[in-house]
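Next, two complexes with subunit A in common: one pairs it with subunit B, the other with subunit C.
And now, the complex of A and B:
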């Protein structure tokens, strides 16, 4: 047939090719789809605009971790929707997509790797916060009041909290989106997931709940504001939660989301169950240590 | 040498036997699959394309057993498939969709993959709509996109379920040319309601009805069965099984002719109508008796 059609000889797909190479090619394509998804582009633009506006406006700046909220919402929550959409997109083409040599588990793993795109934005946001606060360090009111930043707290606590509330939220949201889409691919599950995410974030941060509930929140907030007469005087870390272990807890949850997404399909079940078990133990350990 | 072998393959949906212990062997070349709606054509094609598992019997495709995971993967590496109906994901252009399908067919090297995608896009005549979003394409263009992805990597087995649906005559002509060339080395099974496509492309034809094979042979042999059973007249004859007024104003009658009528050369459609009609009558007689 090659000769008949007179085109350059190309390797037939029957030629054994590395599964890793295929996974990487697919992950690159999925990452491009993620990066170019209109919802993600809008989220990035809004984030950029809010970052610029933040610099232009004169604010108290007593809590330098506040900008992680917009990162977590715009990239984390909207990233959840984007990841869900990308995962369910090929359902329309399932008759075709179900007859290709690359199996569904590889496609799911590829989508999980594509979640590194929003994570990169989260990292960039964290770097932006570090740089802008290095240039203009935050002060409490009066200046001697503690703020959740270097100098008033250990560097590891500051970095762990920044990483947890920013980049990890931008990774965890999309990974959860992939997992939900694999297990509940029905129409409306993305919207339902967003509602659950927002509620699971909003309820536990109220003061009425203990630190365990706060840590178990979808987006654990490890800082408290001290507001007097509507003015933010200072911000401190929640004393009952150890940031470094809290970061470990959320990191393990991200890993569990990947395992949960992959377990939807047959294949590598034993390895996945072992990994899931190990991550569950690690998550529980981090949770306990974060509260001790 | 046979590349596809079905041995007493059966598939049921509830109480309905979509395929009733069908045996069939295919070699490289183009085989047409004809049959009325609900005959089991799509079920057979889906089994060959590994989209559906058979309930009974043995299937061998290109030496692999699709009932096993490794066998399915092996078949899929050599398969080009056009399903009867398919949707399209949002956000893809023609090129990016075929490129994505190429990755799913394990074309991991971007340079070779893009060259292959460009080849099939040119082959199927989609170059002018390659940068267009799929949502902006017409039904016929979308059908050709599905055909283009099936041609990726010059597969050894092409399973095409009504590939010409929605194509205009020029596009159908182009597709016949493409498939004719592909059929020189690949095994191609085409299910269609267009007997003209089968007559134009296929040497062999299989007619399915009620999940069973009614006919398996050459197109010439099937057409020969209708010789002496097609005639032109001014009116529809009561003995005709099928009759329709043609563009000349005369009625083409297909059935058992009365003496003295003007017999004409039958075509594949006449033969198919007679075969399926007689099978239906036989079934009805069996049911009555």
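And now, the complex of A and C:
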């Protein structure tokens, strides 16, 4: 790590380096560390295998958004662990990291920018879902039964849900990992973070099946499957939730995770509090609009 | 800490859930969290010093392991009692068996990483055990055949699979947990 940071950060003595250039250089180094982290590589490989297996298997294809679940689980949850590891690595190598002339807040921001790596994988997953379903359009059983895809539902609803349940989950998990690691850098925080994240996500989904309570989750599942005799016949959107505003709600939560992570250090406190307040208001607005 | 938070989480879920629909899943996550917690039992921040101490490795680890196992067992009992209160208790023998096997897997992975030079492998292994366990839930639902013992009627194949996993974990613990000091240092110090 120190070598990578050293190469990325040490300019020739005559070159003046701005804060922005330093941040970008640091973010590139962190993004590389994220992309090459064994856990992230494993998650990507498993995702790829599951995508291939999904094509090989003869699925009914009645819920075209179901692959977002594996993207969110593999990249979102494992991304949480990777981001947590990378953030706490700065603590573990304090002697080395302390020699680089960059403050802790810039480091945290660069780690947040590195979370664009899993987000890119999430985007690729969403594109994969779009392409495969364009080649082989999903159909209900019988074909008149609805499915959560273009044709049966407005394009904005489909795209917003796809973006919310896939790419945004792969961004939100890692960002939360950075925030948790900055505020609770003790040894068990990664384990407890994963457990709380999974339970807090699962409870609203499973207990209030079909109701607006789902939106209370940071990863709201906006689709329902209709299963008869173990066979999935059709899928519908949860009627009480407006997907486009739900997407705004989750986007604001991602922003709040960044603000929370940055607030751990004293710099730029006022701007961060203003940003945090604005995001909280925006999140509340999106939440209300999504339910109205 | 893990045990306390796990129990608190289950209590919270049990107390505030209108229906017990999500409780079996919460119980499963609690089981995995406790199994993951076992990964911390081999952590030793001062490993470079303690591994060359005259006391054997497992003798040093003994009290920590014993205390850890007692805490995890107590916490699991607490979880089962809370789930029983909401009529969502899983089959005790099967779910406890799963917990033991997952905990053995956690300790085996920790043991291997410790052997490879990571003095605190629990930080990596513990969350991975939870992710692995949840991955098995997902795989089971995708394949259409439950992997966990408590999720279906007992079957020979499922039981054999979990037994093999336990045996492999124990074997890994034994091989990776061999005392480095006794193997490397003592022969060279032995009189010729």
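Throughout what follows, the second predicted complex is superposed on the first by the 265 of 292 C-alpha atoms of A that agree within 3 Å, B and C clash if a C-alpha of one lies under 4 Å from a C-alpha of the other, contacts with A are read in each partner's own complex, and residues count from 1 in each chain.
Everything that follows uses one rule, which is that contacts are C-beta pairs under 8 Å (C-beta built on N, C-alpha and C of every residue); 3 or more make two chains touch, one makes a residue touch a chain.
Bear in mind that the values here come from a model prediction, so they are computed numbers and not experimental data.
Engineer: Based on the superposed arrangement, let me know which partner A:18 touches: subunit B (first), subunit C (second), both, or neither?
Structural biologist: Only subunit B; A:18 stays clear of subunit C.
Engineer: Any idea whether subunit B or subunit C touches more of subunit A?
Structural biologist: After superposing on chain A, more of subunit A is contacted by B.
Engineer: Does the superposition put A:26 against subunit B (first), subunit C (second), both, or neither?
Structural biologist: Once the two structures are laid over each other on A, A:26 reaches subunit B alone.
Engineer: By the touch definition at the top of the document, which applies to A:292: first (subunit B), second (subunit C), both, or neither?
Structural biologist: Neither subunit B nor subunit C is touched by A:292.
Engineer: A:144 in the overlay: touching subunit B, subunit C, both, or neither? Say first, second, both or neither.
Structural biologist: neither
Engineer: Regarding the shared-chain residue A:89, is it in contact with subunit B (first), subunit C (second), both, or neither?
Structural biologist: first
Engineer: Where does A:81 make contact in the superposed view: on subunit B (first), on subunit C (second), on both, or on neither?
Structural biologist: second
Engineer: Show which residues of subunit A both subunit B and subunit C reach, each in its own complex.
Structural biologist: Of subunit A, residues 85 contact subunit B in one complex and subunit C in the other.
Engineer: How about subunit A: which of its residues touch subunit C in the complex?
Structural biologist: My answer: residues 39, 69-70, 73, 77-78, 81, 84-85, 88, 186-188, 190-196, 198-199, 202-203, 206-209, 230.
Engineer: Enumerate the contact residues on subunit B facing subunit A in the complex.
Structural biologist: Its residues touching subunit A are 49-51, 69, 73, 76-79, 81, 83, 85-91, 99-101, 103-110, 112-113, 115-116, 119, 123, 146, 149, 152-156, 181-182, 184-186.
Engineer: Flag every residue of subunit A that touches subunit B in the complex, lowest number first.
Structural biologist: Those in contact with subunit B are residues 1-2, 4-5, 7-8, 10-14, 17-18, 21-22, 24-26, 29, 33, 36-37, 85, 89-90, 92-93, 95-103, 107, 266-267.
Engineer: Name, in rising order, each residue of subunit C that touches subunit A in their complex.
Structural biologist: Checking each residue of subunit C against subunit A gives 1-2, 5-6, 9, 13, 17-19, 21-22, 25-26, 29-30, 32-33, 36-37, 40, 43, 120, 122-124, 126-128, 130-131, 134-135, 138, 144.
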